[in-house]
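The structures considered in this document are given below.
Two complexes, one shared chain (chain A), two partners (chain B, chain C).
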Partner chain A sequence: MDNYDYIREIAKKKMRLDGRKSDERRHLSIKTGVINHSDGSALVELGGTKALAGVKVLPGEPFPDRADEGGLIVNFEASELANNYESDRIMYSVEVGRVTDRGIRESNIIDLKKLVIEAGKKVLFVYIDIFAINNDGNLLDVANIAALSALVNAVYKIEGSEEKVPLPLNLDKLAISHTFVKISDTILLDPSVSEENAADTRLSIAVGEKINSMQKGGSGFFTAEDVDYCAGIAFAKKEEVKNLLTKAVKR
Partner chain B sequence: MYEERFDKRKFDELRSIEAESGIIANAKGSARFRIGNTEAIAAVYGPQDVKPKHFEKVDRGIIMCKYDMMPFSVPDRAKPGFDRRDMEISEVITNALNRAVILEELPRSMIDVRVYVSQADAGTRCASLCAASIACADAGLPMRDLVAAVAAGKIGDSICLDLTKEEEDFHEGGATDVPIGFLPSKNEIVLLQLDGKVSREDLKKIIEIGKVGASKIYEIEKMALKRRFLNESES
Partner chain C sequence: MIHVKDHDIVTPGELLSDEGNGSHGTYLEGTKVFSKYFGVIRIEPKGVGVQPLTSVYEPMEGDEVVGQITEVGGKYWVVDINAPYYTRLDVRDMNIRIDTNELDKYLDIGDLVYVRVFKIYPNHSADVSMRGTRYAKLPGRTTAKIDIMKLPRLIGKEGTMINIIKTETNCDMLVGQNGIVWINGEDYNKALALAAVNLVEKEYYNPNLMDKIKELLKNVRGKV
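Showing the complex of A and B:
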């Protein structure tokens, strides 16, 4: 365990190993249009954490209970390019994938009703595949930002037309994930991998216009005040990421 | 007849190549190798203790290599997960690396090699092997040589180097695809597969053209490693 005791000790004074403030994110970089065969793609780096996301828009049969809607499928893979995941690789892939999925789905950023080709028979499916390339902590936020960047970057062909159009997105609804850990009663935004290891518990909040998804991880606890404090930071910090994201993605 | 290549290359011309090492900070060694629209990313971990324990060899190390494709790497979506094709390719890459890495110097240990294809336009096993071999060198493993791999083949009546997907699917006159991996300074072939049909004479020519191509790839691989260590000494 990397500096476990030291991280826990200095956290009491709201200090961090890399000198960041408790509510300070690491440097975020977003590159889009990096994969040829995808309809939209992004390579996102947050500090040392790196993930690659690709979007594909493909026709298919609608789900029987949602005949008049397209589909959204989000898949995260904690790839074996990294080997320091906080839990079992497969379990971790499922958790991050599902949390990312909920953040995007519940924000209603994609108007799935506009992805119908023939009601009940043929609709478009939006597949978002996200691969972790290096894990230096906070893959939850990196997966979320990579997925959204690739989604905003995506263009697809309507049948019978050569022209490529962007997905039916409402960019005001971008729900940005913010992950916090609690160490010795101090709450830190954007944990590094050694902070994750030293943490009592973790909370991810995706905020767009409203709070769209939350996920607590780890076995420790948060108080109601803690949760409110985290939500406050998430609402205050989301514009920063949104601006960076919309600037990075040429539509 | 195939007189001019779809992408206007000469018959013995490689696509543009980019190689980079040290792209995954937490891995012992890592690399990215791109040739045309084919790109592979590799990470190496180890030498470490062998798991499961019964795979352990007392006189040498073992390589555990896994090749996989990212779902967005192909025109359709590749279903996530490890299929029979991935298994076979993992095996042939492992075989090549077994010869390249001096395993006798790493007894009782295991080296994990992970390769993911992020973009596919034919030649993914060769690109993966190149990326894996740069990553092994980047990890500081003892090696006989780097592996330089490229696909050569015959399209219609023409012997070609570095086939694209479009060329692989060429129907008129058929296409033969021969992925070849070399240890260039040792003059050894460590990966060789073929599908299609060619004469003995043609096969000789295909291997020859592949060898010339591989020697160019070899230089680019060495540059990728040198660049990394030059940068490190500067900073």
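Showing the complex of A and C:
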């Protein structure tokens, strides 16, 4: 009952079930500081999709091959209860965590070298835990925005000092994820869950100053022109989200 | 002493009364009555009740529902009727004689059917039937979903609301008692009808819903 045929049919005319334009996002809202016992947290809603992210900064031993760097660990979890219907099950929840991790890591927004307390012995690890609360499609973007908001929101204390410091972030490098799906040769931004079910293929692009990461899913294909078109939209739309994010998050 | 007024909105676990006079949608602890649901208070002569704002469809014998075929078995089809339990349509419950070798010739996976629930088993699974002139396979595969608590709003007084949507959008529509609405028509008209159903789902509490629906149908039509 996900209107599979109908979505594919009207996509040819660039129409969508909820009346959006092909390059229009759903309403985005960001709330930060929602969890008391985390260092930073954010609740992001994009249409009906909701995700909660929490950041915790903890000391630990560095990885043996990276003695002079702190660590960044992203964890994503999607409960079965997040889906409205059985058919909406998230088939790619491991992928979401990895793509979010890559988007943040490759943008170099967080300077891991500054997280060292004692080289080779003690560094800080940044744990980002993201929970999908409700899945109405496009968890990739929601997880990305939630993780970034929580990172920007985070302040931490080092043992033995009372002062709370924000993470060493370079806010110019915020890499915002944009997910596109291709349905009957039409490219749609921010798919809802029924559009994800009907899609041939999916492309996620995280853009900051340049393209930071990309991820393709599904069995269909994108032509070179399609990818250019997607990247163009992503660059045009990213400021909107970035402004909302920097405004919503008080450092 | 009753702590709430008629039409108040309450949350689960809220204290409603000290007199032990709870009716549907409440539970008792000693003589204290608490709400079971997030819903609206109904004060009746027999006690305080709570009508939930949203609910899950529970099949009842005699319900006429819209369903989708999800599985083709040896002598039966499995039908999704938006209930949390398993539902079957047996070949014997069809109007025509069926060749059991080619069940998918009659109804295939994804097809929509209008059926009647005729038996509920103790484990809540249901049997549906297509016997009778009212029931058939439905053309097209477009459906809208609406919470069953909001169905009365979608239908309106004596069907006024649904009739307006039908005539304005020029679509065939069929509302199942399980909250599945079948829509058939031209592509653009179907989108309109879907938008109207979604508006009812979103603004069911609005007393001026009829005006809003009329406005929606007029506005979108003006753009063509």
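The working rule: the second predicted complex is superposed on the first by the 241 of 251 C-alpha atoms of A that agree within 3 Å, B and C clash if a C-alpha of one lies under 4 Å from a C-alpha of the other, contacts with A are read in each partner's own complex, and residues count from 1 in each chain.
The definition used in the following text is that contacts are C-beta pairs under 8 Å (C-beta built on N, C-alpha and C of every residue); 3 or more make two chains touch, one makes a residue touch a chain.
Computed from a predicted model, the values in this text were never measured in an experiment.
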Chain B and chain C placed together on chain A: clash or fit? clash
I'd like to know which partner A:Gly19 touches here: chain B for first, chain C for second, both or neither. second
Could you tell me if A:His37 is touching chain B, chain C, both of them or neither one (first, second, both, neither)?
first
Chain A contact check, chain B vs chain C, more residues touched by chain B
| task | For A:Asn83, select first, second, both or neither according to whether it touches chain B, chain C, the two together, or no partner. | result | first
Output check: A:Ile10 vs chain B and chain C. Expected answer is one of first, second, both, neither. What do you get? second
Query: Taking the superposition as given, does A:Leu58 touch the first partner, chain B, the second, chain C, both, or neither?
result: first
I'd like to know which partner A:Asn135 touches here: chain B for first, chain C for second, both or neither. first
Check your understanding: Can A:Ser149 be said to touch chain B (first), chain C (second), both, or neither?
Key -> neither
Chain A residues where the chain B and chain C footprints coincide none
The residues of chain B that touch chain A in their complex are 23-27, 30, 37, 41-43, 45, 66, 68, 70-77, 80, 112, 114, 116, 118-121
In their shared complex, chain B is touched by residues of chain A numbered 35-38, 41, 48, 50, 52, 54-56, 58, 75, 77, 79-84, 127, 129, 131, 133-136, 193
The residues of chain C that touch chain A in their complex are 68, 80, 82, 110, 140-143, 145, 180, 187-188, 190-191, 194-195, 198
So, in the complex, the side of chain A touching chain C is made of residues 1, 3-6, 9-10, 13, 15, 17-19
